[in-house]
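The following pair of complexes shares a single chain, chain A, combined with chain B in the former and chain C in the latter.
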Partner chain A sequence: MKMNSASGKQLLQLFQVVAKRPFLQQSFRTATYIVERKYPAPLAKIHKYPSLRRRHQVFNTVQDKNPTPYVRPLMNVLLTEYVENVGQPGECVEIWAKTGRELILKHKAVYPTPENKEKYRDATALNIMNYSSRYVKNTMDILSKLILFITMNKDVPWTLEPWHVRVAFRKAHIIVPDHAITLPKNPIKGPDLTLNGKEFYVTVTINKTEQVIVRSRIVHWTSKVEERLPWVPFPFKKPAPLLFEEDKVIEAQLPAIEPLKMNEDELEDFIAKMKLKSQGKILVKKIL
Partner chain B sequence: MLLSSSSKKLVSSILNLSTIRALSCSLPSQFSNVTLPPPPVVLLLQQPSRSFAARKGTRTKREKAKVKKEEVKKVFMFDKVRKELDQPYKKQRPFDDTIYPLPIDDVFVSYKFRFTRYPFATAVENFKELYHPTMYNVPDAPLILRVNVDLVYPNRPNKFQDGWRSVIEMKAPFILEGMVRPSILAFCPEDVTYIESVFAAGADMAGSKEIIKMILEGEINAKEYEYIVAHPSIVPDLSQIRGIIKRNFPTVKNKTISTDLIPEITRLKSGIKIRLEKNDREPDYGYFETPIGTLNMTTPELESNFMSILRDVVPRRVSGKRPEDFVISCTLRVKHHGRPREEFKVDLTPHLVEFQQQQKKGGAAGAKRGGDEEQPPQGDADQEEEKIATTTTA
Partner chain C sequence: MSAGVRSLLPYNRLRRLKNTHNVWIVSVLPVPYQKFYREWMGSEDKETPVHWKPVDSEWVRNPETGEVKRFQNVPIPVLYPDQMHEGLWGGEGVIEGLVKKGKYRCPVPRFWVPNFYKTVVYSEILDKYLSIVVTERALELIDQHSGLDSYLLNTPAYDLKSLLALKLKRKLLFSILDKDFLVNNLEKQTNLVEKYKDCLIPRDDVEWYGYSVQEAQLKYRMLLKEQSQPVALKHEIRRKYYQSLINKDFDEPPTESVSWVKKMNPFTKPAQAP
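Our next item is the complex of A and B:
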C-alpha cells in the first residue's frame, strides 16, 4: 500500500513536468508567425488536393521573436454600380480584399486598369442608377420606415416649427438641419388633444437632391405626473388616422407598417408588467 | 538488462508478494475468504534510493528549511460586494470611436458614424431647445458636466497618477435644490467695521478673542463649521483651541490664513466640491461629475464656469503630458428624471489652446501640484500663471 501512494505522487510530478514543456505552452500563444517549408511541396492537379507527405510538414521559422498583429489586406477596386456604404459608380475605392473580390465576381466592380478608368469616367452618360453619396440609400431606407413622435407641451400654446421637428429627429438619433425640413402647408397649432396621435407627413431633403417622406405624429406631454395622458403600448406598430384628408394619395405610396409579432395573451402580460412598473415609479416620485 | 540497485530490490519485493499470493491459493478452505491487497502499480522511472528512515539531524534540518505559510487575514465583506467583485469588470472609459467613419452628408444616422463633438455653445442651445416651454417645459433644469481623465504617466505604462479633491470657485454662482452652502467661522482682528464686512461677505460666525472664550466655555461648537478662516494677527491666540479644532485649523497652505478674508470667504461659499473617482481595477482612468449651472443662465456665464473647472483640472497633469491627452473627453447632460436621456460631447480644441501655449512657454505646467491631496487649491488663472513663472525661472 505504501508503494501505491508513492506512485500517485510521482504521477503528479510527471504530469507537472510535462505540462511545463514548451511545446504545450506554445499552443496558447496568440500572434502571427512567419514560417517556411523546408522541402517545397509539389503543384496540385485541377480540382484535387496536393499530395502532401510527412516531409512537407517540416518548417523553418522566418520570423518568431517580434510577431506583428494581423492586418486586413486591402485592395483597390473600380465600381461599376452604386454599392451601399461603399461608393458610387466610377469611383476608385480601397476596401478589404475579400469584399473587393466578391464585388468583382458579382460584376459590381472591375480592376482599376487605365482602360476601365476611361470607360467609367462619366457615370451619368452610361445611365447607371446613382445617389448623391454612398450612405444616402441606407439613410433613406431608415427614414422611410421611421415613425417620428414629436412631443409637444400640453399646457403652453404653440405652433409647430422646423426646429421642433429637428429636436424630435435628434432624439431618434437622426441629425437633420433646419433647411432640410419642409412641414405641411396647413399650420399645426396646439395644445389640442384631438391632434394627439394623428398622422401627417414631413419631407426631408438629403444633400438638396433626394427627398424622403416621413410619417410623424404629435404626442402631448406635461411635467405634472398626474395630468399625463395614458400610456399606449407599441404605438409605432399600429396605423393611425390622418390629420389632413389631402394626404391620402401620399399614404398609398408609402411602405406598410410592420405589424406586431406578439399574441394577444402575450400583449396582455406585457401591459400588466409595464403598468406595475409605472405605478412603482409614480409612488417613488410622490414619496420624494 | 540494465537495472539499478533500487529497481532490483523492487523486483525482489514483487516476487515476495507473488509468492505469498501463490501460497494463499494452496491454503485450506477456511482461509479462502482472506482478501489480499490489490497488486501494486509499479513505476520504474524514479524510485527512492533507500527504504529506511532518514537520520534525525537531516529531519530537523528539513523541518527548519520549510517556510511557514503566512495566514492571510480574511477581510470582512458583505455578500453583495463579494459577488460584484467576482463578476467580470466592465470598463468605464469612454469607447474609442475612431474606427467609425466621419459623416459626409447633411442628413445622417448618428449611431453609424463617429460621435459628433459639439462646440460648447451649441450643446447648451440643444438642451435649451429640448426643455423649451413649448416642448418639455423644464427651463431651470440643472446642467451637469462629466470630465474623463487619463492617468497614465507618459512613456511609463505601469505608473499611474493619484486622485484628488478640490473646491472650485464658480464665476457665475448658482443654487440647486438640495445644495447646501458650507458654513464658515472667521477669526478677525478687533475691529467692528471689519467684522461687519466679513458678515456681509457671507460668514456664518465672525469675531475676535470673544469667540475663542466662548469655544473654550462650550457655548459655540467649533465642529459644526466646515471651514475656519483666520487673520494672521489673531493666529497666536488660536493655539488655545488647537485641540478642539483639529483638522480644520487654518493654515497658509490651504489659504485659510490671509490678510484679506473677504475673497477667501466668497471662494469657499461659491465653490463646488470635486472628488476624482478612481477604481483599482481600472487605475489608468478617472472621472468626476459636477453641476455647472442651470439652463436659465446665459451661455457665456455657463462657459466661464466650464473654463474655471478646466483651469483647475488641466494643470494637475504630470510633466511631459499634453493637455489633449490628459482630458479624454467632456460630456454635457441634464439632470432630469426619466426620458429623454441625451448626452453631447464637447469639442475641446478652442478651450485647450491656452494650456498648450503655457506648455510651450515653460515645460511642465503644474507638475508639483499633483501631489498634494485634500487641500482645496484655487482655480484662479492668474495665480497659476505666477506659479508657473516661478517654477520656470528657478
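Our next item is the complex of A and C:
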C-alpha cells in the first residue's frame, strides 16, 4: 500500500512538471501567432524587394500563447429575455465570449449595435422574474439548500441574536449583514441540551427585496474537551425534528435534503477512519 | 523545393510563380471573373497583415545613437493549404521557417500552425446554422462586425481568402438581389436589404464571384458549349406557330375572301341577301 501511494504521489509531481512545458501548453492556445525576423532584412531601393539569405528565414515568436494567468476573453451582449445568473431583458452585459456566442445562437441575446439598442429599449417591461440583480437566483439556490449550524456556548447562558447567526454564516463562507437576518418570533434561550440539533428557520432578505428561508440548527460547544458532545457523522444529510411546531407549513415548501449515498458498512469504515484521525490530532495536541 | 528556397524568393513573385498556369487560364475567361480574380489573388499590397506587425513610419530613429534611417517593411510569407478552403480561418495561415535554439546551434525547421475549432455559426439572411471549422480570430472578426453576414459582405476577397466564405458571399449577394429570402417575414427582409445596400455589386460580377479557377473554367466551357450548339429550325418555327395561335382571337368571325375567279363565274349562286 505504501509503495503504491508513494508512486502515485511521484507520478502526480512528474505530471505537474511536464504540464508546465511549452509543447503541452500549445494545445490550449487560442491567440494568433505573430512572428518576427531574428536577423532584420537589408535595405533595398524604394519599391524593390531586398535579396534575402537563409538567415532571414529564422523567426522569433512574438505572440505565442494566451496570457498567464489565463484570462477569459470577454464580450458585450444585449439580452432579449431573462437568462439565469446572467441578466434581465434589455440589459447590456459583459460575459465570457463563449457563453455570449451561445446565447446569440439561441436567440436569447443580440449584438449591442445602436439599431438593436433602440429596438430593445422597452424590453425591461418583459422582465417577469423581477430580480433585483443578476446574482440573486444563484444565491437563493445556494441558501435554500444550505443547513446552517450555529455553534453556541454550553456553559454560559445566552439568548439567540442576529450577530450569532451572522458569525455562523461567515463560517460557511457567506457574508450577511445584521439587518438582513430575521429570527423566529419565539426567543431561543440556552444553554439547553434539548435544543441541540433541532431545526428552526431563519429568513434572509437580499437587497431588501427577496426573502429566503434557511434551515438552521444549534450545536453546543465548550472549551473543555472532556465535556464536549459526541461527534455525529454527516448531520447535514439527515432530517432533524422541528423546534417549533408552527414551522410544519414552511418545511413542506423547502427542497428536500439529499440523502447519504454510502452503505452502512462503508459508513462504519469511514467513522473508524475519522476516529483514528481525531485521536491522532488529540495526541499531537497533548504532546505539544 | 526546400523550406529555405521558398521564402528567399520575393513575396509577390513567389505567388505569381506558383500561379503562372492559373494566370494564363484566367486571361481567357470573361472579364467579370478576371475582375474577381484580381481582387482575390492579385492585390497583395492591400492585405491586412495577420502574422507580423508592420511599422507605419518610413523613417526610424535608433534609440541609442539617435541616428535616423530609412525603414522598409518586408512581409513574412504565409502558406495557405487546401484545407483552408473548407473553413473560416479569418486570414490566418501556416508559417514555414527556421528556429535557432541556441547561440552555437544550427537553425531547425518549424511550422507555425493556427488552432482550430468546429463550431456553429448562424447566418441571418439564409436563416441557417452552419457547422464549420473556425479559428479564434475568425470568431472575433464576426463579433466585431456583429454577425456573419456583415462580416462576409463588408470584407473584400483578399482578406476572406477561403473559397467557402466566398461562395457563401455569392449566395448572400444573389439572395439580396433577387429578394427571395425570409419570404414569411417581409419587414425583416426590407430592413436587411436596406442595411446591405452599399455592399452590392452588379449582377454580371456576382455571377462570376467566388469561383476557383478550375470551377470558372468548367463553367465557361459549359457556357460556350450551349452557345455553339446548332439549334434545329423546326423548334423556332413551331414556337412561332404556337405564339400565333395564342395571339389569335377565335371569337371573331372569319372574314370571307372571295377570289376573282368566282366573281367572274356566271354559274355560281349569287350571295343571299341578308
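The definition used in the following text is that the second predicted complex is superposed on the first by the 192 of 288 C-alpha atoms of A that agree within 3 Å, B and C clash if a C-alpha of one lies under 4 Å from a C-alpha of the other, contacts with A are read in each partner's own complex, and residues count from 1 in each chain.
What we mean here is this: a residue touches a chain if its C-beta (ideal position, glycine included) is under 8 Å from a C-beta of that chain, and two chains touch if they have at least 3 such contacts.
Worth saying up front: this structure is predicted, and the values here are computed from it rather than measured.
Novice: So, A:111: does it touch chain B (first), chain C (second), both, or neither?
Specialist: Once the two structures are laid over each other on A, A:111 reaches chain C alone.
Novice: Using the superposition on chain A described above, determine whether A:136 touches chain B (first), chain C (second), both, or neither.
Specialist: first
Novice: Please indicate which partner A:206 is in contact with in the superposed arrangement: first for chain B, second for chain C, both, or neither.
Specialist: Once the two structures are laid over each other on A, A:206 reaches chain B alone.
Novice: Of the two partner chains, chain B (first) and chain C (second), which one does A:33 touch, if any: first, second, both, or neither?
Specialist: Touch status of A:33: second partner only.
Novice: First (chain B), second (chain C), both or neither: which does A:173 touch?
Specialist: first
Novice: Counting only touches as set out at the top, which of chain B and chain C does A:101 meet: first, second, both, neither?
Specialist: second
Novice: Check whether A:256 is in contact with chain B, with chain C, with both or with neither, and answer first, second, both or neither.
Specialist: Neither chain B nor chain C is touched by A:256.
Novice: Specify the partner with more touching residues on chain A, choosing between chain B and chain C.
Specialist: B
Novice: Tell me, which parts of chain A touch chain C in their complex?
Specialist: So the residues of chain A touching chain C come out as 27, 29-38, 41, 43-44, 49-50, 52-59, 61-62, 75, 97, 101, 104-105, 111, 113.
Novice: Applying the document's contact rule, which stretches of chain B touch chain A when the two form their complex?
Specialist: Touch residues, chain B against chain A: 37, 40-43, 45-46, 48, 103-112, 116, 126, 129-130, 133-138, 337-338, 340, 342.
Novice: Going by the contact rule set out above, which residues of chain C touch chain A in the complex?
Specialist: 3-4, 7-8, 10-13, 50-53, 69-70, 72, 74, 76, 92, 95, 97-100, 107, 110, 112, 114-115, 119-120, 122, 129, 135-137, 139, 143, 146-147
Novice: Going by the contact rule set out above, which residues of chain A touch chain B in the complex?
Specialist: Residues of chain A touching chain B: 1, 3-4, 6-7, 10-11, 13-14, 132-136, 138-139, 142, 151-153, 155-156, 158, 163-164, 167, 170-171, 173-177, 180, 204, 206-207, 221-223, 281, 285.
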